[in-house]
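Chains: A, B, C, D, E and F, in written order; residue numbering restarts at 1 for each.
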Amino acid sequence: MKRLLITGAAGNLGKICREGLKGYADVIRLSDLAPMDPAGPNEEVVQCDLADRAAVHELTKDVDGIVHLGGISIEAAFDDLLQANLLGTYNLYEGARKNGKPRILFASSNHAIGFHKRTTKLDDASEQRPDSLYGVTKCYGEALASYYNDKFDVETVSLRIGSCFDKPRNRRMLSTWMSPRDFMSLIKAVFDAPMTGHLVMYGVSNNASKWWSNDHAAFLGWNPQDSSEQFRAEIEAASEAEDRHDPAVIYQGGPFASAGHFED
Amino acid sequence: MKRLLITGAAGNLGKICREGLKGYADVIRLSDLAPMDPAGPNEEVVQCDLADRAAVHELTKDVDGIVHLGGISIEAAFDDLLQANLLGTYNLYEGARKNGKPRILFASSNHAIGFHKRTTKLDDASEQRPDSLYGVTKCYGEALASYYNDKFDVETVSLRIGSCFDKPRNRRMLSTWMSPRDFMSLIKAVFDAPMTGHLVMYGVSNNASKWWSNDHAAFLGWNPQDSSEQFRAEIEAASEAEDRHDPAVIYQGGPFASAGHFED
Amino acid sequence: MKRLLITGAAGNLGKICREGLKGYADVIRLSDLAPMDPAGPNEEVVQCDLADRAAVHELTKDVDGIVHLGGISIEAAFDDLLQANLLGTYNLYEGARKNGKPRILFASSNHAIGFHKRTTKLDDASEQRPDSLYGVTKCYGEALASYYNDKFDVETVSLRIGSCFDKPRNRRMLSTWMSPRDFMSLIKAVFDAPMTGHLVMYGVSNNASKWWSNDHAAFLGWNPQDSSEQFRAEIEAASEAEDRHDPAVIYQGGPFASAGHFED
Amino acid sequence: MKRLLITGAAGNLGKICREGLKGYADVIRLSDLAPMDPAGPNEEVVQCDLADRAAVHELTKDVDGIVHLGGISIEAAFDDLLQANLLGTYNLYEGARKNGKPRILFASSNHAIGFHKRTTKLDDASEQRPDSLYGVTKCYGEALASYYNDKFDVETVSLRIGSCFDKPRNRRMLSTWMSPRDFMSLIKAVFDAPMTGHLVMYGVSNNASKWWSNDHAAFLGWNPQDSSEQFRAEIEAASEAEDRHDPAVIYQGGPFASAGHFED
Amino acid sequence: MKRLLITGAAGNLGKICREGLKGYADVIRLSDLAPMDPAGPNEEVVQCDLADRAAVHELTKDVDGIVHLGGISIEAAFDDLLQANLLGTYNLYEGARKNGKPRILFASSNHAIGFHKRTTKLDDASEQRPDSLYGVTKCYGEALASYYNDKFDVETVSLRIGSCFDKPRNRRMLSTWMSPRDFMSLIKAVFDAPMTGHLVMYGVSNNASKWWSNDHAAFLGWNPQDSSEQFRAEIEAASEAEDRHDPAVIYQGGPFASAGHFED
Amino acid sequence: MKRLLITGAAGNLGKICREGLKGYADVIRLSDLAPMDPAGPNEEVVQCDLADRAAVHELTKDVDGIVHLGGISIEAAFDDLLQANLLGTYNLYEGARKNGKPRILFASSNHAIGFHKRTTKLDDASEQRPDSLYGVTKCYGEALASYYNDKFDVETVSLRIGSCFDKPRNRRMLSTWMSPRDFMSLIKAVFDAPMTGHLVMYGVSNNASKWWSNDHAAFLGWNPQDSSEQFRAEIEAASEAEDRHDPAVIYQGGPFASAGHFED
């Protein structure tokens, strides 16, 4: 791959990708609204507001693939989500459509399906049940990706990411954790595949406790290597038992499901 | 029902509802961005921009049910859809949440699933495959409705409307037509039901040729009485045979599926 | 058919069958623990306690079919259900096994699936979710019927009966009502069929509002003719609207689902 | 339609079609290995052996649709089936491919699925379970039709015909009967449809007792009008009850399922 | 966990649990109708007849979890099963309901589904097909557990146990074997989980030959470590090949499926 | 096993089996139309044309199992396929039926399902979609095998073989490759199993990239040990990237799907 664009490069996932994808493409173009570290070798750094259509169309030129992590990744005021996640994602897809149709890894979220119970095993055919306005914007992003694939042949893997940190940080993450290493191998599998169409996947490591199946995506050949199980004792020792009558424990979305409305 | 709000009351569907629902509620509140006929007996007329949050919160006060037809109902420039369908629908749901949680009939559209082939029979579990930016906004509306039901107990029937006119206007509508009479009986079934949760349904009469099943919604007791079949001969005489290699014939969305991108 | 046995003949369903099946068999043998009207032409009346094994084995001699309505048909103390529904049904199946293996119409109940929501459409593959101890005994009866069919070739139609009266008596019965006429035609379809194996069906008329599908049993050729819809206006006028937060409204089992434990 | 080819025109189904499709096309071309009545107005009569490739390629010229009833339609010696049904059907599809790709109504048979039990409801996704060598050749024909559609865009409706006579002739046909009138309306629906792809359907009237579903094909708009039920009394009076331990009663294929091997 | 109750503690499974769960709870309360070894450290030993309601209600006081192995675990006379498995299990659930609603691991059995063929892969949605009266009582127990969960929030894992011994004892057990070690880790996973609702699982190790899937229960994080494969050569050398026409080989229940009726 | 017949013994798969199954049966009978190496110890070599019925009936005498690899295994002229694959396979099954009904491993092919997309995960319930005339003959073979099992109790495992070589030879084989070692262990699992009925399986190793599931066949206990992944770097270095608009890349059948018609 000649040039890979990573949006949201200043965020947690963006930093993981910047570090982890070094060398995967001849050039990595990094973009964020926030300031980023200066460009290193084989890097381009472009500060850019996703809500600025012209800037995004410029940003998406001459790239062979896009890892779209940009936008807001927590619950937020609707008007902010409107700009960053609804308008911003549209701008990105229009940029891709006009600029050679690079394949996109779209960072969707488990919060697009957060109102399913933890006792329910999901796959790509499970209905969306967003747990937050943020989750609704991810459902929208998946619909947009489906549309651009069906009509314009812009391919997307919509990755419903669990939680990606060095290690799981609480009991819920024992089920939702994706290691940075597994995330990197997944991104490579996505861009190395001959075709993907629009594919919904779950971004999660090979944890002992599983809520989600990627069986339908086995053609990609992605087999995560890490498991949260090694951290179980440590986490359980450091936290209280979960209350099974708490919506944050009943539903996959965790605290997003139990939170009230976001009031700005 | 004491007071029913109908948004989009100046449009085609809105006029059908205004006429057809007379007497169903003590008061019908009619709203649109465009001018409407003056209020008749038991009517209230409120001109309102769905993108105006405060106005919408005022509009949704003291109502027991909402037929949400407002917003843009054809393919349009994204920035217009953003205001009317993305922001506007959010404003409406927030209004409902703050004002007693009336049940909502949300006018979704067959264009939320328009990239399925006509040879595929769909039900509520079929994946969304929008055929247009307009269709994407309807997928978004369904996700928003799911969220408000799961978290705030605001119930919605998301009705994927086919085409609602006095009679079908072309060959495709032989499959997608919903008679105004069937539409009215459906609205009544929705608001008379003891509960609906968030329910996805198809708005279509009992046509001979069927693409969609409402079997899962049989608890509502809605059994459409009309069929497009009586108009078949007339329509086939007045139009050319369909070309099976035309995307507008292959896909359920018809011309929405074959159209290129909307350029404003 | 030469001789048909009806158990529970003194009850509501039993009386409907006694009247409605006149002439269907050369002889109708009627049985109950309670006193019954004296035998009319072509009738045999046998008072019998289902918990009395020897008596039941005698009762089941020389019959070509059994309509098993006997036992307790409402929530009751477990010890009473144990005798009538657990022991009694076993005795009946043993009688059938030893006496020529007549086919059995087993009166199961919607209370075997009463904890499914009304918004869920069920068929024969839906999991059992009993709403009462009574419902649990019906699940047991279905399991027993499955066993006797698989191992001993005693065939059964386990009929999950909704509510069988002259007309529906409340709003819930608009969905669950089976007319006596439809019940009779169903019984005949069951005994006239060349084979049934063990078949789970729903006993319900062709109501507008439907919770259950008998599609899988279409080979029987039973097409109910009646609908509760003609009684809707009358019932709605005579009763209050249903509260969607009431478990008796949420769940198919109605008041059985909302009732606390039976304390004797 | 300008010219419709009917193969097997001298057989039972062929005669029904010759009579029933008069006027449906400008010209009906009739073909069989056996002698046929001379051509009437708007008819062409061509005697032709389906195993003769050159003749079949000639036969399929200048036609807009093919009703392929030709070949052997009962159990027979394999070597005969090889010529008529394996080689013959291939010749027909090659003819269609080379001559403008007319749509084909392929007379498949219930004997392609005859080893399913009568208590099992089938649809187009049910696995093939042929009950005879004849049935195996129909499975082959369906596979061939699938191939020609996927690779060459030759469309086919593979119609698993039950039994098509003026009226049902035995108890089994109460479930499998298709009236000639319904068969004709089906053929017209198939050729009038804008597209079919490769579609597997069941050829059966709207009988009370049903083994098969055409729900997936509802886009065609075919709704059979006749039912075997009017003949039930007459047939049951004229025949013995069925023995549920007889394979011919257990399985959908009837006597085809119980017959031993065809020995020539 | 403070106190765990194990019923059926004098039996094979009970002894395995007594040994294997040492230290898992502060106190293990052991119960059986039969005499048990005297209480060791952190143990309580209570002889108790499950059919004695008052005694069972006493037994279930002050416990945080119950492993319910009690009752009869082989085919037996119905009257014995009635007392031990039908009445006994009811008594246990009533005890749990009245005494703080501890979670229950209910020892169901593969004999609840023993009339499925070995060539059929089952999961929790597979229909019950009991192979014995014993199996029927296990179906009943699962229904009871479903009821107590839905109505009273008493959670249960209904574990359809294959065969739990130090090593597999015959060819069938190569597929059904659960090692004591895997059983213990499963019990811990069940009681450590934040919630289970009513969950049907299969109790089987990670054998090479599999009839059952626990995929739906992956949220529990139980991954059995043992496999019967290491014993295959030894077992095959010591036993005759299986006859594929023997019901004990055709059906999952093995000899339970082929046995005639239990005559006492 | 006393005597195992391998047809097609002179071909690629035949040679792998001849070598790999040494010692598995007391005698291996090898057959092909082409010349084979002379018989070694415990071998019988029989040159035989599958189209010669009498010879095939002789060939199938006194064997306990058949690995049927014979016939044409690439796209070919229909008339050649007719002799070798349609007539030849029939002759083989007739031989088996008349000669003690040995179990058969039938070499079906991925080309029976080659027009499914690579992004679709298949199992045994997936519909056949042959990609070639050769693929159609394999669909026919599977139907024939189903028939002989249902009617005559001749069991078959229809193995849809991917590609069996020492190592994968191109990018597509990274998904379809079955190692010779895994093929041998599969054959042994098939013949060692107590029963198989008619079972459709996929012949593929445990590759990282998977298109097919054998989950339904887990009762066999076959767990392939090899993976193509070790060859990925070598193959990708030696070949160009795949074009996602090429039918040979879109469809599972690879070049069989993109090839035009076979013209002889």
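Operating definition for what follows: a residue touches a chain if its C-beta (ideal position, glycine included) is under 8 Å from a C-beta of that chain, and two chains touch if they have at least 3 such contacts.
What you are looking at is a predicted structure, and each value in this text was computed from that prediction instead of being measured.
K.L.:
Common contacts of chain C and chain D?
P.N.:
B
K.L.:
Identify which chain pair among C-D, A-B or B-C reproduces the interface of C-E, meaning that over half of its contact pairs, matched by residue number, are the same.
P.N.:
Checking each pair in C-D, A-B or B-C, only one repeats C-E, namely A-B.
K.L.:
Averaging over Cα atoms per chain, report the distance between chain B and chain D in Å.
P.N.:
Those two chain centres are 42 Å apart.
K.L.:
Have a look at which chains touch which and call the overall pattern line, ring, star, complete or other.
P.N.:
The chain contacts form none of line, ring, star or complete graph.
K.L.:
If I apply the definition of touch given earlier, which pairs of chains qualify?
P.N.:
A-B, A-E, A-F, B-C, B-D, C-D, C-E, D-F, E-F
K.L.:
Quick one: in the complex, what on chain B touches chain D?
P.N.:
117-119, 121, 171, 174-175, 207-211, 213, 229, 241-244, 249-250
K.L.:
Which bits of chain B are touching chain A when the two form their complex?
P.N.:
Touch list, chain B to chain A: 78, 82, 86-87, 90, 94, 97, 112, 115, 125, 127-133, 135-136, 139-140, 143-144, 146-147, 150-152, 257, 261.
K.L.:
How about chain A: which of its residues touch chain F in the complex?
P.N.:
By the definition above, chain A touches chain F via 155, 194-197, 199, 215-216, 218-223.
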